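Next come two complexes, and both contain chain A; in the first it sits with chain B, in the second with chain C.
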Partner chain A sequence: MILGLLVLHVAVCVLLAATSRRLGRNGLLVGAVPPAVTAVWAATRLGDHQPESADVAWVPGLDLAMTFRVDAFVDIMTLIVSGIGFGVFVYAYGYFAPSAAGIGRFAATLLAFSTAMLGLVWADSVWSLFVFWELTSVTSFLLIGHKNTDKPAQVAARQALMITAGGGLVLLAGLLLVTRSAGTTLISEMMPVDGATATFGAVLVMVGAATKSAQVPFHPWLPSAMVAPTPVSAYLHSATMVKAGVVLVAVMGPALGGLPTWKACGLAFGVASVFWGAIGALRHRDAKLVLAWGTVSQLGMLITLFSVGTAKAALAAVTLLVAHALFKGALFLVVGEIDVRARTRNIDELGGLARSMPIACTVAVLAGLSMAGAPPLLGFVAKEAAIKAALALEGPEAWIVGFGVIAGSVLTVAYTARFLVTVFGPGPETALAARRHALSLPAAVLGLAGLVGYAALGPLNGVLGPAAARLAGAAEVSDLHRWPGLTLDLGISAIVLALGASLGLVLSRRLGRVPVEYGARWTDASIEATMTFGRATSARLQHGSLPVYLVTMAGTAALAALPFLGYVSFDHVVAWDTPLQAVLAVAIIGAAVALSFVGTRLAAGLALGAAGIAVAAVFVVHGAADLALTQLLVEAAIVVGFVLAFGHLSRSFPRVGLRWRAVRMTVAGLGGAAVVVGLAAASRSPVAAPPLTEMATASVDEGGGSNIVNVILTDIRALDTLGEVLVLATVALGVLALARASDRPEGSAS
Partner chain B sequence: MNGALLIAVGGLTAVGLYLVTGRSLSRIVLGYSLLGHATVVALIAAGGPAGRPPIAGQAEPEAMANPLPQALTLTAIVISFGLTLFLLALARRQRTITGDDLVEDDLEDRRIAGPDSLPGEQEDQAAT
Partner chain C sequence: MINGHAPIIRLGIRAASPFATVLGCYLLFAGHNNPGGGFAAGLVFGAVLALRTIAGFLRPTYGITLVAAGVFIVAGVALLPLLWGDLLFDQQVLSFELPLLGKVKTGSALLFDVGVAVIVVGTVMAVLDGLGAAEFAADPPAEPDHQEQE
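Coming up: the complex of A and B.
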């Protein structure tokens, strides 16, 4: 079933990409089908505790396989990814005007993201996890940059890609280290690990997760990504993709949770993000940015809870994960509707929407109350569980987590109150465009789901409990409560709500200044530095000069001979077989050197002929008559060809700068020396004497010829020789074609 | 291994490398040709000592040179001949089009690299 659903996604995705122009906006409805099917499948599996798995062998020799596994926790994530995905596809149908540009492309990319995200949450092998992780980064890049003529969108898309894909590389390094010490690549089979390798790997994995989940200081890409169309913001940048880091921390928890660095990093990222995100949400005046900064804060809360690792914290985190996907999705969709109908998202320009958009207002209040953690909504249950989990801890951890959860909740209530009051409360009357059902329905469903979740907490316990148990490695997890009774947690909750609400109401009219983006400046600088470094590197390496490329390659190849220096031995080297060889060697080198010094092409051609004849003489001395003959023929042909090709150029060779010539000479000398070293090293293991008698006999008896070399070529290596003939024929055709073409001079030819 | 031939191989390689790193296509062809010579001499030298031509009946088998490397070398000569001829034809075509036989820089790469980022070869540019 798992593989079938993936295939369905990919197939529809290809279909959408192929027919994007013809389908236009209807492509979004077609794209909604695979998420709908997947969501139904996941819903029927809820409460089924038997994990389902599937794998596709990829490179069996390297033990690489695409392994997928859907257990209690993954099933919840599947429902979030596909259920909200379905809603977002429907919403996008209402969000875009029928004539908007590139909707078909948008639908295909959105479904591609949906596929990648499912692959990510289903992945059990760390390698498939990494592949889908990077695929979500790439599709996110494409979706943020959807308006491909819009400069800010391009900049934001690039920033998001640099941070999330770069974080993916850090994650890869971390996964390599962790799998090395765990001894398995399957996440479900990992046992708790320890040791220096695992400790370092855990830090890298946590950093990778923090980049994806927009944790401080990697968060600036998330607010920037709000330039994307609202369906993208709601789907990728609040409900699903940014949860990938959280999911990673959750599923790696059982294996890495015992390492002190894992918990320390997780708490540092999480608590810092809880506060910095909430402060950002309190200061911004763009409704969408308020939500985005709120997401940074909530993701920080999730990372904090998951890295604590206790069963209670895991239960609170899973509940918050679900609640957040519902309320934040709903709020984004409402803001998108406001954006479409009022043509502004600035909270200063919005007012009176409670009266003019009653449904949107109701949905937003429901979702907002859930975000603030007020009863009777799922967010309340999640926050109660989080406070309970924090109170159950001991030592400094209890203080850090308790402070993060409680103070973070106060700020959450504050920015929620500010958001609701400024957007829907009194203010300038906003003119609105007509209502579209496709826009309000998905938001209403998500908003109501928080209420339904609270009402149906009994069955929900049976779903969230096993998921938390799986993540905490515990056999049993305490239940969630609809109403905790008059306990300390409830008291804290009430104080949080009261404090937060008053703070929010006070701040809703006070803060007028749009904040400086401290973090953004830092990230921009590092991205700019990376780009500059990249440009400088490619300018240096890819300079386009053939001679410099060749010198670089030859120099590197010469250095490769260094290891052979130790093997050089002259035991088997004789000075010469006959003195004539020494004379010929001198002649060859002399001709070659002369060749490089003579000024005109004609003289160079003659020197080339001299060198070739000397080589032929070497063959004669060596007893290789056939070679000598061939060499002479070939040499004659080449000299004639050379003169034909260049004889007309009366000009001498271009002059070359002295320093560059010295570099070339050095490299050439090194290259020559390297060849000598290699050959001298090879001569240390002399070959056995060839079976000459047998070869001579076989040549006559079996090959039917007395010239052994010819028999080898035409009999033993006949097929190779045939290939050689083909090469020569091809060359002849090529030369002919080129020669014909040059009979008709083109361009500025003389 | 034959010391004299070893030196000849080293010399041919060095001069050949020097020539192929130049800008003039005709010199690149020359250098390529010398590198081909270096290869065939190396093959022959590595294949054993000199001897009588390996023709059955004309010499005692014990006095013959090893025929196997000779067969391989013959292939090497022919293939490098083919490539050299093709290079010559290309060079001639280039001359017809540009009126010269100089290897130009890749314009696309130069555009990426910017005007003053060539490592080491500026003098070459200035001199031509």
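Coming up: the complex of A and C.
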């Protein structure tokens, strides 16, 4: 079933890509089908907790396989990815105008992301995890840069790719170290590890997770990514892709949770992001940016709770994960609707929306209250659980986590209050475009889900509990409560709400300054530095003079002979098999010497041809008819090339300076010496007798041909031939590209 | 230097083309049991097309299309056996009777050779296109227009 669903995704994705122009906006509805199917499947699995796995051998010899596994926790993530994915596809149908540019491409890319995200969530082998991890980065890059002629979109897409894909490489290094010390590549089979290797690996994994989940100081890409169309922001940059880091921390918890460094790193990233994100959310005036910074903060909370690793913390984290996907998804969709209908997201320009958009306002208030952690919503349950988990800790950890959760919650309530009041509260009356049902329905469903989740907490316990137990490695966890009774945590909750709400209401009108992008500066600078370095390097290497290229390449190739110097021996060398070879050798040498002394190009071409034909004759003498034939034909093709090239070139070679001539002679001499060394070393000591008889029999029996050379080419070593002809095809593309590039006017090539 | 439009060259190329093409076909089919093969055949076809380009009979415009087609063929020969559970590149040998020719034995290796030949021809065409062969044929430069730079 797992593989079937993946195949369905990929197939529909290919279909969408192929028919993107014809389908247009309807492609979004087609693209909604695979997520819908997957969501239904995940929903039916929620009750039973039997893990299901599937794998595809990839390179069995290297123990590389695409291994997938779904369990109680993965089911929840699947439902989030596909359920919200379905909603976002429907929403995007309403979001885009029917004639919007590149909409078919958008649908295909969005579904490609959805596929990659499912693969990431389902991955059990660290290698599949890494592959899908980077695929989500790439699809995210494409989706952020959807308006690909838009400068800010280009910059933001590039920034996101640099940070998340670069973080992916750090993650790869970390995974390598962790698998090395764990002794398995399957996450579900990893036992708790310790030692220096594991610790170093754990830090790298955590850094990788932090880049993807936009944790301080890697967060700037997430607010910049808000230039993407709102469906993308809602789906990738709040509900799913940014959760990848959180999911990674969660599933690696059982193996790495015992390492103090892992926990310390997680808490550092998490708590810092909780505060910095919340502060960012309080400062910004673009409604979408407020939500994005809020996401940074919430992701910090999730990382904090998952790195704590206790059963209570895991339960709180899983609940918050679900609640966050619901309320943040709903809020983004509402902001997108406002953006489409009011044509602005600036909270200063919005006003009176509570009256003119009653449904959107209700949804936003429901989702906002859930975000703030007010009853009767799922967010309240999550926050209660988080406070309870923090209170249950001991030592300095309790202080750090407790401070992060409680003070973070106050700020969360504050920015939620500010958001709701400034967007929907009094202000200048905003003119609105007509309503579209596709826009408001998905938002309404997500907003109501928080309420339903609170009401149906009993069944929900049966889903969230096993997931948390699996992540914390506990047998079972205590239930979530709708109403905790008059306890300490309820008191804290009440204080948090009151304090946060008043803070938010006070701040809503005070923070008038346009915020400075603190963190964005150094990432922009480092990206710019990378680009400058790249340009400088290629300017140095791409000298532009053909002789310099040739000398560089030949000199480098000559260096390759160095390792073989130790193997050179001339014991087995005989003068000749037949005297004819000596005659041919003299001819080749004569032609080569003549070639280097003649002054005109035509004579040089003739000398080169003579050498080539003499080499072909050597092949004939050896009985290698195929080689000789090919050599002759290549010589013929080269003649045609000369004819064409001579039209563009001077009759004689240009004069060459003495020093340059010395360099060329040295390189030529080195090249010749390298070939001698290589041949002498290669033929010195055959490791085994050449399998001539086997090859000859196999050639006739299995290859069905008696020309052994050709059967080797087309059957026995056909894979090598495939590689070679692909190189040839690449050369063809390269030649054309170069020719076209030189046709362009000066200055347009950089 | 060399004028591709000289009548004797045009006539010579025209006369030689069919024979060279037949030779290429021979090499393609003979390759499995005698000297020849896809690469050699591709070179012969490529030489024919190059000569015809120089003589102005043809414009080398579809090199990349040919390369793409050839890649599809070789990749198909490589991957199709996987569909029915065989190994990559598994050889299918066909053997049947034809009128006049008698018993004929061939296989998927021939198809592979065809793909290789198509790629080689495509590469030759792309190189011709890149070197501006068509412009050269249409208007052979009388004098070299620039000196090579160091």
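As a working rule, the second predicted complex is superposed on the first by the 540 of 750 C-alpha atoms of A that agree within 3 Å, B and C clash if a C-alpha of one lies under 4 Å from a C-alpha of the other, contacts with A are read in each partner's own complex, and residues count from 1 in each chain.
Basically, a residue touches a chain if its C-beta (ideal position, glycine included) is under 8 Å from a C-beta of that chain, and two chains touch if they have at least 3 such contacts.
Remember, predicted model here, so these are calculated numbers, not experimental data.
Engineer: Just chain B (first), just chain C (second), both, or neither: which does A:625 touch?
Structural biologist: Both partners.
Engineer: Tell me which partner A:707 touches in the superposition: chain B (first), chain C (second), both or neither.
Structural biologist: A:707 sits against chain B and chain C alike.
Engineer: Just to be sure I read the superposition right, which of the two partners does A:693 touch: chain B = first, chain C = second, or both, or neither?
Structural biologist: first
Engineer: For A:545, using the defined touch cut-off, is the partner it touches chain B, chain C, both, or neither? Pick first, second, both or neither.
Structural biologist: both
Engineer: Under the stated touch criterion, which partner chain does A:506 make contact with: chain B (first), chain C (second), both, or neither?
Structural biologist: A:506 sits against neither chain B nor chain C.
Engineer: Now for A:715: first (chain B), second (chain C), both, or neither, which partner does it touch?
Structural biologist: The second partner, chain C, only.
Engineer: Quick check on the superposed pair: does A:577 touch chain B, chain C, both, or neither? Answer first, second, both or neither.
Structural biologist: In the superposition, A:577 touches chain B alone.
Engineer: Quick one: is A:659 in contact with chain B, with chain C, with both, or with neither? Answer first, second, both or neither.
Structural biologist: first
Engineer: Touching A:645, do we find chain B (first), chain C (second), both, or neither?
Structural biologist: Once the two structures are laid over each other on A, A:645 reaches both partners.
Engineer: Of all the chain A residues, which ones make contact with chain B and with chain C?
Structural biologist: Chain A residues touching both partners: 545, 547, 625-626, 630, 634, 637, 641, 644-646, 648-649, 653-654, 656-657, 660, 706-707, 709, 713, 721, 728, 731, 735, 738-739.
Engineer: Looking at the complex, which residues from chain A come into contact with chain B?
Structural biologist: Touch list, chain A to chain B: 535-536, 538-540, 542-548, 550-551, 554, 570, 572-578, 581-582, 584-585, 588-589, 592-593, 595-596, 601, 604, 608, 611-612, 615, 618-619, 621-627, 630-631, 634, 637-638, 641-642, 644-646, 648-649, 653-660, 663-665, 667-669, 671-673, 675-676, 679-680, 682-683, 687, 690, 692-693, 695-697, 699-700, 706-709, 712-713, 717, 720-721, 724, 727-728, 731, 734-735, 738-739, 741-742, 745-750.
Engineer: For the complex, which residues does chain C have touching chain A?
Structural biologist: Interface residues on chain C, with respect to chain A: 1-2, 27, 31-40, 43-44, 46-47, 50-51, 54, 63-64, 67-68, 70-71, 74-75, 77-78, 88-89, 91, 93, 105, 107, 109, 112-113, 115-116, 119-120, 122-124, 126-133, 136, 140-141, 144-145, 147-150.
Engineer: State the interface residues of chain A toward chain C in the complex, per the touch definition above.
Structural biologist: That would be residues 545, 547, 602, 625-626, 629-630, 633-634, 636-637, 640-641, 643-651, 653-654, 656-657, 660, 702-707, 709-711, 713-715, 718-719, 721-722, 725-726, 728-729, 731-733, 735-736, 738-739 of chain A.
Engineer: Within the complex, which stretch of chain B touches chain A?
Structural biologist: 1-24, 26-27, 29-30, 33-34, 37-38, 40-42, 44-46, 48-58, 61-62, 64-68, 70-71, 73-75, 77-79, 81-86, 88-93, 95-103, 105-110, 112-114, 117-124, 126-128
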